[in-house]
Amino acid sequence: MNNSINVIISEDALSIDQVYQNAVHESCGGICLFVGTVRNHNKGKEVTHLDFETYTPMAVKEMKKIAEQAIEKFGVQQVSIFHRSGYVGIKDIAVIIAVSSVHRDACFEACQYAIDTLKETVPIWKKEHLEDGSYWVGARP
Amino acid sequence: MNNSINVIISEDALSIDQVYQNAVHESCGGICLFVGTVRNHNKGKEVTHLDFETYTPMAVKEMKKIAEQAIEKFGVQQVSIFHRSGYVGIKDIAVIIAVSSVHRDACFEACQYAIDTLKETVPIWKKEHLEDGSYWVGARP
Amino acid sequence: MINIKCFGIAKEIVDSDKASIERQTISVTDLRQHMNEQYKAFTQIKGYMVAVNQEYATDDQIINAGDEVAIIPPVSGG
Amino acid sequence: MINIKCFGIAKEIVDSDKASIERQTISVTDLRQHMNEQYKAFTQIKGYMVAVNQEYATDDQIINAGDEVAIIPPVSGG
């Protein structure tokens, strides 16, 4: 089987359908998607929007590594990872991951692995804007 | 939080965007979707298409039970389950499940629970059409 | 009379989407036995559940005329 | 000269998206020490990784002038 990987960092709104079309495969019975959206609250405070800063060439490399590891570890077919940069409003999409596989357990495991690892290794930073200020998420002890 | 459940059996093509819009919620950071598509092969044979027969009122009841159980067991926010009836071609969508939750682990677990349980309890039957015949999946020992 | 909806392979075995039994009341076990005698092919499939009023029924459950009854062969949705 | 890209909170601390060190070669450990002395606020954050040529670097790795170097504060994508 020819695996394929699609990895994009986009300044524009992400399309679930586009990510889906990149992942769907006629030999596969299932696709698991994770869509990360912006919550209106965090730690008891009201969030107005987020700003994502990206080290784009390195982030793309790290996202490709995650996709390759997901294929190797879980034997899945296609992996697509799309991430936003810039201003992202409440309920808007920050990230979409789609994984297709012949049998469905593998696509769930691989999709969860991909989002968990993305949050640990991909050089993207989220500035959370509250009504009374803003801060870089996770930067301070 | 007001939970909501959307359950539909449709003779027409399923829209991922519609299911997504039913599940997205401003208090939630993540949505897990499972999209079940028709594979072009099964047990070494080439599949041409599927036909889904549904006991619609009971199937809808069972799908609602699954959504309610998912909310109760995993504390998720919204659950949408859409299933096709009738003729479904290769790569077409047979089922879409979308689950939103405040934190992402719960939506993965609940979505996987929902598709696993759907395949065990919901009165829907799949006739698999091959090049040289057709049969009801899972009916014979 | 007990009216029975038939789905999937059950519809093929009965060669109709419905069957009936000339009784006012019957247990699920007896309905199953009646159908298996009437249509031998039921004994060659993996088995089937019976639903009464759109809920899965237990073997000792009593069905009355007017109940919505269905034969539920192994499901395969998704 | 070693040129250093700064992202997220590092960009705020340095008050620029780049910094530089007047050396032809430096270890990651020494770069970190140099930056922490130059900009005390780096010692008040959770720490940071250093990337060299778009790969995470180890502490004993040697950086040469011309390498693409970046300070990677705790990431928070997704």
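Descriptive notes on the structure:
Letters are used for the chains, namely A, B, C and D, taken in the order the chains are written, and counting of residues starts over at 1 for each.
The working rule: contacts are C-beta pairs under 8 Å (C-beta built on N, C-alpha and C of every residue); 3 or more make two chains touch, one makes a residue touch a chain.
These figures come from a predicted structure and were not determined experimentally.
Touching chain A and chain C at once are the following chains: B. One finds 25 Å separating the Cα centroids of chain A and chain D.
Centre-to-centre, using mean CA coordinates, chain B is 48 Å away from chain D.
Looking at chain A, one finds that residues 36, 115 touch two or more other chains.
Here, these are the chain pairs in contact: A-B, A-D, B-C.
Put simply, chain B touches chain C in their complex at residues 36, 52-55, 57-59, 61, 83, 94-95, 115, 118-127, 136-141. Within the complex, the chain C residues that touch chain B are 5, 7-9, 11-12, 44-46, 51, 54-56, 70, 72-78. Residues of chain A touching chain B in their complex: 16-17, 20, 24-41, 90-91, 100, 102, 104-105, 107-108, 111-112, 115.
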